[in-house]
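Sending over a structure as structure tokens; questions will come in a sec.
Per-chain residue numbering starts at 1, and chain names A, B and C are given in the order in which the chains are listed.
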Amino acid sequence: MIKLSRLSTDSISGILSEALDFANGKVVKAKSDVFVANLFFEDSTRTKVSFEIAEKKLGLHLVQFDEKKSSINKGETLLDTIKTLEAIGINVAVIRHQQTRYYDELKDARLALVNAGDGVGHHPSQAILDLMTIKQEFGDFKGLKVGIVGDVKHSRVANSNADTLRRLGAKVYFSGPVDWFDEAMLVNGTYLSFDNLLKEVDVLMMLRIQHERHQEKMKLTASEYLKKYGLTKEREKKMKPNAIIMHPAPINRGVEIDGDLVECKRSRIFKQMSNGVYARMAILKYVLEKQSFEFEEIK
Amino acid sequence: MIKLSRLSTDSISGILSEALDFANGKVVKAKSDVFVANLFFEDSTRTKVSFEIAEKKLGLHLVQFDEKKSSINKGETLLDTIKTLEAIGINVAVIRHQQTRYYDELKDARLALVNAGDGVGHHPSQAILDLMTIKQEFGDFKGLKVGIVGDVKHSRVANSNADTLRRLGAKVYFSGPVDWFDEAMLVNGTYLSFDNLLKEVDVLMMLRIQHERHQEKMKLTASEYLKKYGLTKEREKKMKPNAIIMHPAPINRGVEIDGDLVECKRSRIFKQMSNGVYARMAILKYVLEKQSFEFEEIK
Amino acid sequence: MIKLSRLSTDSISGILSEALDFANGKVVKAKSDVFVANLFFEDSTRTKVSFEIAEKKLGLHLVQFDEKKSSINKGETLLDTIKTLEAIGINVAVIRHQQTRYYDELKDARLALVNAGDGVGHHPSQAILDLMTIKQEFGDFKGLKVGIVGDVKHSRVANSNADTLRRLGAKVYFSGPVDWFDEAMLVNGTYLSFDNLLKEVDVLMMLRIQHERHQEKMKLTASEYLKKYGLTKEREKKMKPNAIIMHPAPINRGVEIDGDLVECKRSRIFKQMSNGVYARMAILKYVLEKQSFEFEEIK
């Protein structure tokens, strides 16, 4: 599996540039039959649908795979499932899995793999779409100040974004409950109080509370959380004039963000969703071309 | 959402006429990429498959959406799900939902919406296919006598059909258990005993008992129900010579209708199923054209 | 439904020859719209995905059918479901069902049916792909010695294969726990001890233990089973020089076969999976041509 953290900034820029071309209407189709399977062992609407549209726009053949009915229930390992799909003729598998670094056991797979999220690990296609949204807005990453706020520790979005943003020249700040922060993140940025961070940043990335990944119950009620760590209307007023708000969704309205701000002028939340399709098209094209599949532009 | 009850009889006639053309072999394809999602929050074989075939015959791209794995399980509202699909690039959503008038909360959606059934509310695509089946048989609705029999109160089919039939000039009669009848329906027709209704009507629409919508258990056994309110072979003999039998299916054989009558000469039950695809093609084309998508005829 | 056991050896040879052509790159597409539904009432990754790729390679339109949400849950019979799909416009249904000979109740169906496995009955597409794999290796079946080892009684693969192999001129041997053997199989071959069988055969077909079909628990642990009836590395050494190993998968590694042998030089297990797609293409084409659908070769 190609890892975002291992890709050069040049390669990342190339993918971003292709994604932006797709957003601007560039149409590209696979020149031969390419079969793709989406394996989502964890729930997700937007990511799965987004990949599916991306695949269809690229002219790939999507093969349905029902994880809950698969032979994994007959005791098959993930590697055997993947090798089976490979033998049957699947050329690229898009995988979301609750296990962090699930892909470590897939080293022997020869088909193309795209990580659509691994446990508390990474979420590279979200990172690409986020970067793309920022680039559309500001043109460049150099010197840009980006704040990542909320459940940093359990967020694979934070993980994938912080490293890449830093490498591309942005300054990264974190905020949110200290219990949900991980010192290891400090290599990529600085921890600030929310109100200090707020005044600094050009891009405010609010994270979703990963209820499903918390072992203990959250100690705060939704409205207490919103008041303390969430983006309230008052806080929004303190942001820099051109600063934008981002959120990977799904949104817990009234918890990490005031419900009314989701559609506000600064919000790029729905824009991010639209960009997701183009980001995934660029990623799929990138990994398939590495495997010698060819695409042609349709004018 | 375009409501059948708000459509002029001219518009309805237009949709019927297009559906009949499709039944006669007219082939039409979308001129550009159109992405459709089918959101069935309630079980259904025939309606979902029927929409899917209709969509593929029109050349639309179907995107799979697994309601049970969607972010609605992470607390997302239906509106947010729809707005997400819209942002991701879905152009038309076909929705079946257990909540009556679920679409009231979707007013802010900009994509095209097709109601595939809402709780005990309406089922417009079933109404169109029923009307189409009647029109194929009798050519016109003026003066035609149509009986709707059974679980009228819990049937969205009864609801959608009675209003539209009355507006198109047909006379509507109801029968079935009084407990399962709703006085509000009297604006559209007359309540008769089954045996009186039977002798009058040109079209007999038997309804399915909506077991899953009854709070209490049905007080009658299946055979008692069949004897009292069902279409037995004896009752069938009392029908007018050219009268036809319809049923929206799935059928509880031996409850609302004697199993042997399902395939009898008067029965248009399987014809209705075939017509469903054409009716849904006409509906999808209608709503998509309202959104400026274009279709071309393939000769 | 066309039954493999009723097909002449000429017809079977025709299907095998077509499948081998597909494996060698022959491309064929349906000349008109053909709609197919895959109805898998039992779990399966590889068979379902394999059929799906086969269908897409033939240019058929696949319609999704969710067995768990279908009207079968509203009490509809399998025949009514099939007749409904037929009425809606499905041209061919591929069915896997836990009930042996489920197809006996589908005699009135007019659409094309393909059996993708029935209870402990048959699994004809697996038989075709197995035969195809043997033919690729040895060119002919006459005089070839084939051993089928393991859970013979509960295996539909054993059932379908033994009869066809015998008719094509091969000599069939069985081995495995006596409790899991069925005397009725003796019409097709001879029962031997595993070690005797091993030295004789050109093709060793290991069967999967059908855990889900055993009423009582298996009395042996996995490693005891492997030692007594499984293909260990020691046993593998006693095989004839050019003998090959086959397994229908999914594999219980370390139970019926030593995990390391799955990828060994003699193993054709992944080859079988690849062949599955071509075998299913040939079967689908065969049954659809019987229903007057036409295909054209794309060069």
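Odds and ends about this structure:
Operating definition for what follows: a contact is a pair of C-beta atoms (placed from the backbone, for glycine too) under 8 Å apart; a residue touches a chain by one contact, two chains touch by 3 or more.
Note that the structure is predicted; figures quoted are calculated from it, not measured.
Interface subunit A/subunit C: under half of the residue numbers present appear on both copies, so the contact uses mostly different residues. With rounding to the nearest 5, the Cα superposition of subunit A on subunit B corresponds to a rotation angle of 120 degrees.
Centre-to-centre separation of subunit A and subunit C, using mean CA positions: 40 Å.
Looking at subunit C, one finds that residues 64 touch two or more other chains.
Only residues 40, 43-46, 48-50, 52-53, 56-57, 64, 211-212, 249-253, 270-271, 273-274, 276-277 of subunit B touch subunit C when the two sit together in their complex. Residues 33, 35, 37, 61, 63-66, 69-77, 80-81, 83-85, 87-90 of subunit B are the ones touching subunit A in the complex.
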